[in-house]
Amino acid sequence: MNPVAIRDSYDVAIIGAGPAGLAAATLCAKGGLSTVLFDEQASVGGQIFRAIEETPVTDKRVLGASYWRGMDLTRAFRSSGAQYVPEATVWSLTPEREIGVSLHGGSVLTAARRVVICTGALERPFPIPGWTLPGVMSAGAAQILLKSAGLLPAGRTVLAGCGPLLWLIAWQYLNAGAQLSAILDTTPAGNRARALPHLLPFLFSGYFRDGMKLLRAVKREAPVIADITSLRAIGDDRVTHVEYRRGNGAAQRLAVDNLFLHQGVAPNVNLPMAVGIKHRWSDEQLCWVPVLDAYGNASIDGIAIAGDGAGIAGAEAAEWRGRLAAMAAARALGRSVPDPEETHVRDELARCLRGRPFLDALYRPARIFRQPSGDTVVCRCEETTASQIIDAIALGCPGPNQMKVFLRCGMGPCQGRLCGLTVTELIAEHRGLSPQEVGYYRLRPPVKPITVGELAALPKTDAALYAVTRM
Amino acid sequence: MFQRSQPDKAERTVTLTIDGRSVTAREGDTVAAAMLAAGIPHCRTTPISGVPRAPYCMMGVCFDCLVVVDGVGNRQGCLVRVRDGMTVELQSGKRGLP
Amino acid sequence: MDASQSSRRDIDVAVIGGGLMGSAIAWGLAKIGQRVAVLDEGDIAFRASRGNFALVWVQSKGLGLAPYSIWTMRSANAWAGFADMLRQQTGIDVGFQRPGGFNLSLSEIELEKRRTLLQAIQDQPGMERFEFEMLDRARVKQAIPRIGPEVVGASYSRFDGHCNSPRLFRALHAGMQQAGVRYLPEHRAERIEYSGGEFRLLTRQREIRAPKIVLAAGIDNARLAPMVGLDVPVRPQRGQIIVTEKTEPFLNCLVQTVRQTDEGSVMLGDSVEEAGADPSVTVPVISVLASRAVRMFPDVARLNIVRTWAALRVMTKDGFPIYDQSETCPGAFCASCHSGVTLAAAHALALAPCIAAGELPADRFAPFSSRRFHVPALAA
C-alpha cells in the first residue's frame, strides 16, 4: 500500500485545510462520517494559520493571538479521526462528486457523497506598473514567508495598499523587530464617510478593539503616508524605487528593496466555477461569490462551500461556516452532530459577520488600482497589457472568454487567478456594463496543472476510448 | 531581500544547490523561501518577453516561482520543500524537454 | 426596439455569426467593397471558433463527396496568400505553416483503416490531384525521432498545415474593423423576416435591414434557416482538447493529434462525442487523449497541462459542409461546416465574392446544398 491510501469513496470530502476545512472535517469525523481532508500545502492551517504546527516563529507575541487561535482547531482536527492528506491537489471535481487528486506526482480518482469546498481566498490582483518586477511581492506572500520560514525583510521595505491584512503584517513585522520605511495607504479618502453608516455593528463585532489597538501600534512605529492615488514600481531587473502620489500632489519616490502590495482578498473561485457552481458578482466585495443557501450548499447538489470561498468574512467566520456545512452534510447522510448547537453556531457566525459591511466599505480598493491602463501588465502569465485589453474592447470583444482567445489573457498556468477580476472589471468599465453582465472566464479541469502522464494513467472507459479512436 | 529572523530553537538544516550555488536552508523551507533567504534575485525568466520574475504569491497560485527541480522544469518553487542534495536551476523561458 | 434602424442603403450584406465562419465571409465581402454588418452573440456562446485544433488539414477530408476534397484543397492552397493579406492589413501574423502532416497509428488495425480511408478518398470519381503516403515505422521514426515504441506507421500528406487560430480569429476581427464592417456583439438574431426583397433581422437591441443575409451562426443555423426558406440540419458534436505549458520546440513535424503551437504549447486532441449542447470537459475522455499522446510521444508525459477545453463542432448528417441559397427568399445564403480554420481562406476569397454577386454558381456549390439530404426521401 502506498503511504497515503486514498479510498474509492468517502462520506465527506473536504478540500482545503484552513479554518473552514479543519472545523468541517473535525465535526464530520466526530459525527461518525468517513471523512477525508485534502490540502495542497504540506502542513495544516491554510494561509491564515499557515505552518501553525511547525513555524519557526515561536514567540507568540510576533504573530499574535489571531494566529495562535488556530492551535485549538488544529488539535481538535488531529484527534478527530478524519483522514488528512497533505500535498494533495484537487484538480477536478464533477457534479457527481468524483474527485481527481494529484499527490506525489500521480493522480487518483475518488468520490464522496458530500463535498465541502474550503479553498479560501486569494489576494486581489494589484496591477500597478512594475508589479511583475522581482522585489515586488504580495503582502500575503511576505506574511507566509514569515510564518512558514521565519523570513523578515531586509533593507528598505515599503508596504502599499489597503485592507486589514496589510496592517496585520505590518504589526507582525514590527513585533519581530523588522523596520518599515513606509506604509503607503491607498484607502480612498471617501471610504470613511461611506463606511460610517456601518460603524455601529462593527463596534460590537469584537474586531473593533483589537483592530484599533493594532492600527495605533503600527502608526506609532512606522511612517504611514495616506491618501495614495498612484503607485508605480520602478526598476530594471529588480525594483529599486516606488513612485507614488498623495491626492493630487506631485509624484514622489522612495528607494526600496522590498515592495509588498495588498488590496484585499477575493474568493478562490477556480474549483467551484470549474464544477459549474453558480456565482454572482458582489458589488460590496468587488468579486465573485458563490450562490449558497444558509448552510453553504451550492447550486450543485451535494457540494457546499465554506470559509472565505463563500464570500470574504475572515478566519473566525470560516470556522463557523465550516461547522454549518458539516452539520448539513451529516444531516443529509442521516447522521447528526450532537454539539455545538446549531443556534449557537448561527449566533457566532452572525457575530463574526456583523462588522463586515464596515470593513468592506472602509477598505474598498480604489478604482485606479483595480482598473489599470497603458502598458501595465494585467495577465502576468501571458504578459497581456491593459491597453491591449482596452483596444480589444474597442474591436467589439464582448467579454473575458473572447478576450482570452484574442489576447491569451487567462490562458497561462495561473488560469486567470491573477488577472480574472481585472479583465472582468476593465471590460465592464469600458463597455458601461456591470461585472455581473460581463461574466468571467469559463474554467475547466484540471484547475491546477497536472502532468499529461498522470492524466494518461487514469482508468479508461469504453465510451471515452470510442470517443477518441472511433474503434 | 530577506533575512532569517533569529531562530528560537536549534533548527535542522539541509544543503542544496541553487543556480550553481551551495545553499543552506532550514528544513521545512520551500524552494522559493530558500531562494529568497539566499538572496537569489529571481526564479525564472518569462517565456514571452524573457524578463526576470521572482515569487509573488507564495501560496501556489501565481506561477511566478517556477524553477527546475532535479531536472524537472516548471515546478512551483513555493510548493516544493527543500531536500538535502536537491538541485534547483532557474527556469529560463519555456520549459525544455531534453 | 429603438429608432436606430439600419436601412438597406447602408448595408449590402448582413452576416449572422461572428465566429471564424462569419468573420471570414464578412472580411472577404468587405475586401471587395461590400458594406457589411456582422450580428454576433455575446461572450458566452457555442463557439467552435474558440475551441478548434487550428489545423489546415486536407488528407482525410471528403470520403463520399469529392467536391469537398477539392474545396478543402483549394482553401489550403489559398491559405498562404490569405495569411499574407491579413498580415499586411492588420500586422497580425496568423502563423500559417504548411510543413505537411502526419497521422500516427498505434496499431496495425489503425494503420490499415487509415490506408483504406485515404485510398478510398483518392479513388473517388472526379477527384483532383491528391497525394498521400503511407509510411512504415522506420520512415516515421526517420522523420520524427521522438515517436514512441507503439507507433507502427503513419499517413502523410504534404498538403497539410496549421496556423495560430486565436490570432486568425483576432486578425479577422481587426481586419473587419479596418475595412469598416459594423460588428455588433450581443445581437442574437431572434427572428428574420423577408418582404419586398429586404431582410429584417430582429434582435433585442435593434432591427437590421439588408438586401442580402448570410447565416453563419454555427449550430444556430438550424433554427434560423427555416425563417428564410432554407434547411440546415446541423447538430453539435463535442470535441475535447488538452493544452500543455509552453515548451521549447521539440516536435519538428505536424502531427494531426499532437501539435506544438508557434507559442510553444502542445495541443493534444481530439475526440468526437454526441453530447448534445453540453460543452463540459470530462476526465475519462481527456485521459484517453493524454494516454494516446504519451504512446505517440513518451516525452509528452512530463509536460504540465495548463488548460483543457471542450467545444461543439457544427456537424451535418454526412459531415460535409452546407452552402446554400434560398429559392423562396432570394438573397439569403447559409454556410455551415466544422472546418472553419481549414476553409477560412475559401470562405473569405471564394465564397464571399459569390455572395456579393448574389449567386452561388451551381458547378461549385450544388453538391453542398442541403437538398442532398432530401434525395433519398424523394426517391422513396
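Order of writing sets the labels: A, B and C. Residues in every chain begin at 1.
To be clear about the criterion, a contact is a pair of C-beta atoms (placed from the backbone, for glycine too) under 8 Å apart; a residue touches a chain by one contact, two chains touch by 3 or more.
All of these numbers come straight from a predicted model, not from anything done at the bench.
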*Hey, which pair has more contacts between C-betas, A-C or B-C?*
A-C
*Closest chain to the centre of mass proxy, which here is the mean CA position*: A
*Based on the averaged CA atom positions, which chain is farthest from subunit A?*
C
*List the centre-to-centre spacing of subunit A and subunit B in whole Å, with centres computed as mean CA coordinates.*
23
_So the centre of each chain is just the mean of its C-alpha atoms; given that, what is the distance between subunit A and subunit C in Å?_
40
*Using mean CA coordinates as chain centres, what's the subunit B-subunit C distance in Å?*
44
*Overlap residues in subunit B, where contacts from two or more other chains coincide*: 74
*Hey, what residues on subunit A touch two or more of the other chains?*
412-413
*Touching two or more other chains - residues of subunit C*: 245, 302-304
*Please give the residue numbers of subunit B that touch subunit C in the complex, ascending.*
47, 72, 74, 93-97
_Residues of subunit A defined as touching subunit B within the complex_ = 40-42, 47, 51, 54, 56-59, 87, 122-123, 132, 134-138, 140-142, 144-146, 148-155, 176-177, 237-238, 257-258, 268, 380-383, 412-414, 417-418, 448
_Touching residues of subunit A toward subunit C in the complex: what are they?_
92, 94, 98, 100, 109, 276, 392, 395-402, 404-408, 411-413, 415, 438-439, 442, 444-446, 449-453, 455-461, 463-465, 467-471
*Mind listing the subunit C positions that touch subunit A in their complex?*
18, 40, 42-44, 49-50, 109-110, 113, 166, 169-170, 173-174, 177, 183-186, 240, 242-245, 263, 268, 270-273, 280-294, 300-310
*subunit B touches which residues of subunit C in the complex?*
245-248, 250, 264, 299, 302-304
